[in-house]
Amino acid sequence: MNEISMCVDICGVKLKNPVIAASGTFAFGREYSRYLDLNRLGGISVKGLTLYPREGNPPPRIAETAAGILNSVGLQNPGVDAFISNELPYLKQFDTVVIANLAGNSRDEYCVAANKLDKADIDMLELNISCPNVKEGGLSFGATPESVYDITKQVRNYCHHPLVVKLSPNVGSIKDVASAAQDAGADALSLINTLLGMAIDPHTRRPILGNITGGLSGPAIKPVALYMVWQAAQTVDIPVIGMGGIMNGNDAIEFMLAGAVAVQVGTANLVEPMATVRIIDDIEQYMLDNGLKTIKDITGGLIC
Amino acid sequence: MNEISMCVDICGVKLKNPVIAASGTFAFGREYSRYLDLNRLGGISVKGLTLYPREGNPPPRIAETAAGILNSVGLQNPGVDAFISNELPYLKQFDTVVIANLAGNSRDEYCVAANKLDKADIDMLELNISCPNVKEGGLSFGATPESVYDITKQVRNYCHHPLVVKLSPNVGSIKDVASAAQDAGADALSLINTLLGMAIDPHTRRPILGNITGGLSGPAIKPVALYMVWQAAQTVDIPVIGMGGIMNGNDAIEFMLAGAVAVQVGTANLVEPMATVRIIDDIEQYMLDNGLKTIKDITGGLIC
Amino acid sequence: MKGIVYSNDLISPSIYNMGIQLGDTAESIQAGQFVHVRCGQSYDPLLRRPISVCQIDAENGIIYITYQVKGKGTRWLAEQVRGSKLDILCPLGNSFEAVMPADINEIWLVGGGIGVFPLQLLAQQYKDKADIVSILGFRSDEFKPLWQPFEQYSKRVIIATEDGSYGYKGLVTDELTLALRAHKPQIIAGCGPSKMLKSLACIAEQYDVPCVVSLEERMGCGIGACLVCNCKIKSDGEWHYRRVCADGPVFWSHEVSFDE
Amino acid sequence: MKGIVYSNDLISPSIYNMGIQLGDTAESIQAGQFVHVRCGQSYDPLLRRPISVCQIDAENGIIYITYQVKGKGTRWLAEQVRGSKLDILCPLGNSFEAVMPADINEIWLVGGGIGVFPLQLLAQQYKDKADIVSILGFRSDEFKPLWQPFEQYSKRVIIATEDGSYGYKGLVTDELTLALRAHKPQIIAGCGPSKMLKSLACIAEQYDVPCVVSLEERMGCGIGACLVCNCKIKSDGEWHYRRVCADGPVFWSHEVSFDE
C-alpha cells in the first residue's frame, strides 16, 4: 500500500510529480521517447521558442568544463507557429504538463509570440528572459529588476496561461529580480538559467565555442543555483521551480528543501537520457525512507 | 641558452613570474615553505586581514561540491598589527612580492587598517571588497559600481602602495564594477573572488556549512571567472590579475590569453601544495613549446 | 545499455582497440554509426564520448572501437580492463548505408589518420557486395596497425604517409587524385580531419564522383535533442544547421559547408 | 609524496584495510597522525581525504589505513589494487605523543566505530611502554575485524555492541564508567563520533582522569593553511578556533568545546 503522493500543484496546474525536463535539453520530447515513457514526467519545458524560426549560433556549440558544460546553441528552433502545428500535437498525446519556453529579441516579438501561444493548448508559459546566447535581447531582459518587471508585465497582458518567469543568475541581486517578476504578475518563477562563461584552447589561442561565450550548466553550478533558489523562495510568495546541476534524487531534494515546489532537469538528460525518470524514482525512495507522504513535506524543509 | 623571461610588471612592481598564491589559501606562506621554495613564486597574497583579529565562522567551514569547494572561513585572521609584527618579517625573507589582502566591516575600518599597512613594508595592497563570508560589510562593498567606487576612493587616500581592487563575481555587470574601481584610482584589478553558493545534506535537512552559505571556488567556476576576466580586461586600461579555478599551466594560459597580466592560484593549493610551482613550470614549458619570449606574448593574445 | 569490456589493447602509440560485448545489438550496427560512452561515474569528465564502431563480431556479439587517447575521457577508457562495465548509448547516427544508394558495387574509401575507423566497418560490411579500394593517409608508418585491417577487405590498399616512412610520401588526397585520373568509382566514402574532407569534397566534385563523408563535431546528448552538434548543410540553395549526431554523421559531401 | 598500494582488502561490510608502501617515511609516523590522500586525478572528487594511520610495518616501509566507503573519495580508494599509485601528504597532524606527557605507562583506549583506527596505532606504539586497556564500542559483531588488532597489544579488551551481538550490550561510555569505578588509569585516549567524545570528556572530568581525544573535521589543505578545519579550543577561560589538521587532531578533552 503506497500512500505517497508525488503530485504538485503549480498555480492551478497539477503535475504528477515535481520533475520537469528543462528547456533546451529535451527538444520536444520525441528523441527521449525512445528511452523513457514521457507519461512518467511531471512536465516538459520545450526548447526555447521564438516568433520566427532561428538557425542559432555557429559551431562548436558545446565545450565541456570541469563538472559542467558551456553551450551556445543560440535558440535554434522552428518558431512558434511550427511548434504549435508540428510539435504540440505530438506532446499532447502524453499525460504530462507541457510548458512552452518563450524567448525573443524585442518586446514586440515576445508579445506577438505570447499571443499566439495563448491560443494554443499548452499548460504553462515559461518566459525565458535569461538566454545568454543571443546577441540582441535575451539576457538583457533579465538583467535588472526594471527590465524584468517591464517584460513580464507586457507578456502578462497576452498570456492567460499560468506564467512562469525564468530568471537569469547573471544579476546583482536575485532577490530583487525575483520580486520584480512577482510584482509584474508572474504566477511562478523558475531558476536558474545558465551562468555566462567561456573556454579557451591554449594551443590554438581561440575560444572553444563558435560564439566565443556560452552558458554554463551542470553539477558545477549546483551550489550557486541552490543558493539563488533559496534566496528567491524566501523572497516571493509564488511557487519557485528550481534547477541547475540536478543529476540525481538527492540533488532534487536539496532544491526542494531550499524552497522549490518542483525542479527541472537539464544537463543530466545529455549525460543520461533516462535521468528524469531515475530522479523521480530516487525522490519516491527518499519519501519512503523518510516516511514522507507528500512533496509538501520536503519543500522549504531546510533546518537552519 | 634560455632566453625566456617570465617577469611581469604590475604598476611598477616587478614579479619574477606571473603566478601569485591567492589570498586565504596560502595563509602567510609558512605552511607551504615545507613543500616548496617560496622564492620561486611571483607573489603571495596573504590571508585576508582586518583591523582587529577575527575568529571567523563556526564549523564546518568547507563543503566539497562537484569540481569545486564552498568555504565559509569568514576572515579568521590575527589582525593587521599582528600581521605586521609577526608575519610580514617572515615573508620579507623571501624574494617574492608580498600582497596584503585587506577586508573590513566599515569604511572606517578599511581606512584605519589601510593606513597601518601603508607604513608597512608590503609590495601591494589588495582591497578585498568581495568576501561573501562576513555578515556586515565584505561583499556589500563590492556589490555595485557606486559602492566599489566609494570604498576604493576612500582607501586610495590612505594607500601609497600600488592598490589592487579585488572584484566580486556576484554582480550584475563586471564591466561596470571594473570601470568604477579604475575611475576611483585602482592601480590594478584582481578577479574573481568566490561565487555565493550553498550545499544541503538531504538526510539531516541542514546546510552543510555552519554559516549556511559560502563562497564557491575551484575548477567548477573557471568558465565564469575566465569570462569575467575577459570582460574586465577589455574594459579597463589598468592591469588585470585573473583567478578562479586555475589548476594547471593551461588554465593559467587561458586567463592570460583572455587579458590577465598575472594569475592567482587558490583552491589548487589545497589539493596540491606544490601547485603554484608546477604551474610556473607549465607556463615556462608552454612558452618554450610555442617560441614565446615574454609573458606579454601571451597576455591578451586570444584570437576571436 | 551496459556493455562489458572484452579486450582493450594498445595497438599503436596512444591508440587502443577495445572489444565490447553488447549481445544482440552488435549485429544491428551499421558503418558510420557510433557509440556514446560514459567515461566513469564522476562528473569530471561529465559528457559521454562519441566513438565510431570499426569492427563487428556478430557471432559473439562483440563490437570493436579504436580510439586515440586525447583527454580525460579517452584516458579513462584506456584504463578499463576485460570485464569492466561500460554505460553506452548505441547505435547512434544515420550510417553510410542510410545515405548511399542501395546498389553500390564499387566504393573507394578515403580516410586520414584516426578518421579511418568508420571506414573500416564499411569495408567489413561491404566486402561481399562491392569492390573496395582503400586510399588512406597517415603521419607515419607507426600507424600501420590502423590500415592493416583494411587489407583483408579491399581489392587494393593505397597508403600515403606524410613523412614517407611507408607507401607514398604525401597527402591521401594527392593519391586519390592520381587514382581518379585512371578510373572513376561509383562512389567515394570519406572520413578524416575536416581539412582533408574539404579537399576530398572539392576533388569529388571536380571529377564528378558521388561522395559521402562522415563528420565529427563536439556532442552533448548524441541523440538529437540538444542541438549542440550542428553543422551547415546545404539543400536547394539554402543552408540549415543539421544535427551531426542524428541527421548525420554521414552526409553527401557536396551538401556540407566546410567553411567554418 | 607517492605511495604504492601494497594491499587493499575488504575486512568488514564496506570497510577496507589498505597497505601503502611509503619507504622510510613509514616509521616516522606517530599515532594520531593522518595521511591526506588524493582520490584520482579528476576534479570530482577534488579534495584530498584525511585517513588515520592505524598500523605500521616499519621494517618493510608499509603503513596501513582502514577506511569505510562513504562517498566518492573512499569509493575510489576501494577500487585501487596492489601496485596502484597514490598521491599522499604525510605525516600530518600533531599525534597523541605530542600532547600526552612523556612518562605514560598506563593508557585506556576508548573508541567507537570507525573512530578506533588512530587508537590501534597508539596501542601498537605503546604496547611495550604502557599497560593498555581497550574499551571499544561498535554497532554489532560485524565489526569484529576492527577490534581484533587490539587484542595483541592490550592487557584487556572490553567490547560493547549496540545490539548486544558481542560483548556487553550498550554504549562504550557505559563500560568505561563501570571500569572507572574500579580503577582510574593514568590517562585516557579517545576517538570516535563527536557525541561519544563529548560524553567521554564529561566522564573523564567527573572521574578526574586526564583525557586526550582525536577529533575529525572536514578538511581542505590538511597542512594548516586554509583554516577550514577549525574547532573551538578553550584555554585560560577563552576559546579560539584552532586547526584540527595542524594544531590537532589530538587535543586535551577538557579544552575542546563540543557544543556545536
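We call the chains A, B, C and D, going by the order they appear; numbering starts again at 1 in every chain.
Everything that follows uses one rule, which is that a residue touches a chain if its C-beta (ideal position, glycine included) is under 8 Å from a C-beta of that chain, and two chains touch if they have at least 3 such contacts.
Chain identities (UniProt): A, B = Dihydroorotate dehydrogenase.
These numbers were taken from a predicted model, which means no experiment stands behind them.
Engineer: Could you tell me which chains make contact with subunit B (Dihydroorotate dehydrogenase) and subunit C both?
Structural biologist: Common neighbours, subunit B (Dihydroorotate dehydrogenase)/subunit C: A, D.
Engineer: Which neighbours do subunit A (Dihydroorotate dehydrogenase) and subunit D have in common?
Structural biologist: Common neighbours, subunit A (Dihydroorotate dehydrogenase)/subunit D: B, C.
Engineer: With contacts counted as C-beta pairs, which pair of chains has the highest total?
Structural biologist: Chain pair with the maximum contact count: A-B.
Engineer: Report the chain whose mean Cα position is at the greatest distance from that of subunit C.
Structural biologist: Centroid comparison gives D as the farthest chain from subunit C.
Engineer: For subunit B (Dihydroorotate dehydrogenase) and subunit D, what's the span in angstrom between their mean Cα positions?
Structural biologist: 36
Engineer: Take the average of all CA coordinates in subunit A (Dihydroorotate dehydrogenase), do the same for subunit B (Dihydroorotate dehydrogenase), and state the distance between these two points in whole angstrom.
Structural biologist: Computed from C-alpha means, the inter-chain centre distance equals 34 Å.
Engineer: CA centre of subunit C versus CA centre of subunit D: separation in Å?
Structural biologist: Taking the average C-alpha coordinate of subunit C and of subunit D, the gap between them is 55 Å.
Engineer: Where in subunit C do residues touch two or more other chains at once?
Structural biologist: Answer for subunit C, listing residues that touch two or more other chains: 43-45.
Engineer: Quick check: what residues of subunit A (Dihydroorotate dehydrogenase) touch more than one other chain, meaning two or more?
Structural biologist: Within subunit A (Dihydroorotate dehydrogenase), residues 63, 66-68, 218-220 contact more than one other chain.
Engineer: Looking at which chains touch, is this a line, ring, star, complete or other?
Structural biologist: Looks like everything touches everything, fully connected.
Engineer: Quick check on the complex: what are the subunit A (Dihydroorotate dehydrogenase) residues that touch subunit C?
Structural biologist: So the residues of subunit A (Dihydroorotate dehydrogenase) touching subunit C come out as 24-27, 31-32, 34-35, 47, 55-56, 58-64, 66-69, 71, 73, 76, 210, 218-220, 247, 267, 269-273.
Engineer: Okay, in this complex, where on subunit A (Dihydroorotate dehydrogenase) does subunit D touch?
Structural biologist: Contact set of subunit A (Dihydroorotate dehydrogenase) toward subunit D: 66-67, 219.
Engineer: Once bound in the complex, which stretches of subunit D touch subunit B (Dihydroorotate dehydrogenase)?
Structural biologist: Contacts found on subunit D: 38, 43-48, 87, 89, 217-221, 223-231, 240-241, 246, 260.
Engineer: Could you pull out which subunit C residues touch subunit B (Dihydroorotate dehydrogenase) in their complex?
Structural biologist: 43-44
Engineer: Per the contact definition, I'd like the list of subunit A (Dihydroorotate dehydrogenase) residues that touch subunit B (Dihydroorotate dehydrogenase) in the complex.
Structural biologist: Contact set of subunit A (Dihydroorotate dehydrogenase) toward subunit B (Dihydroorotate dehydrogenase): 63, 65-68, 70, 143-144, 170-173, 195-200, 202, 204-207, 212-214, 216, 218-224, 226-227, 230, 245, 250, 253-254, 257-258, 286, 301-304.
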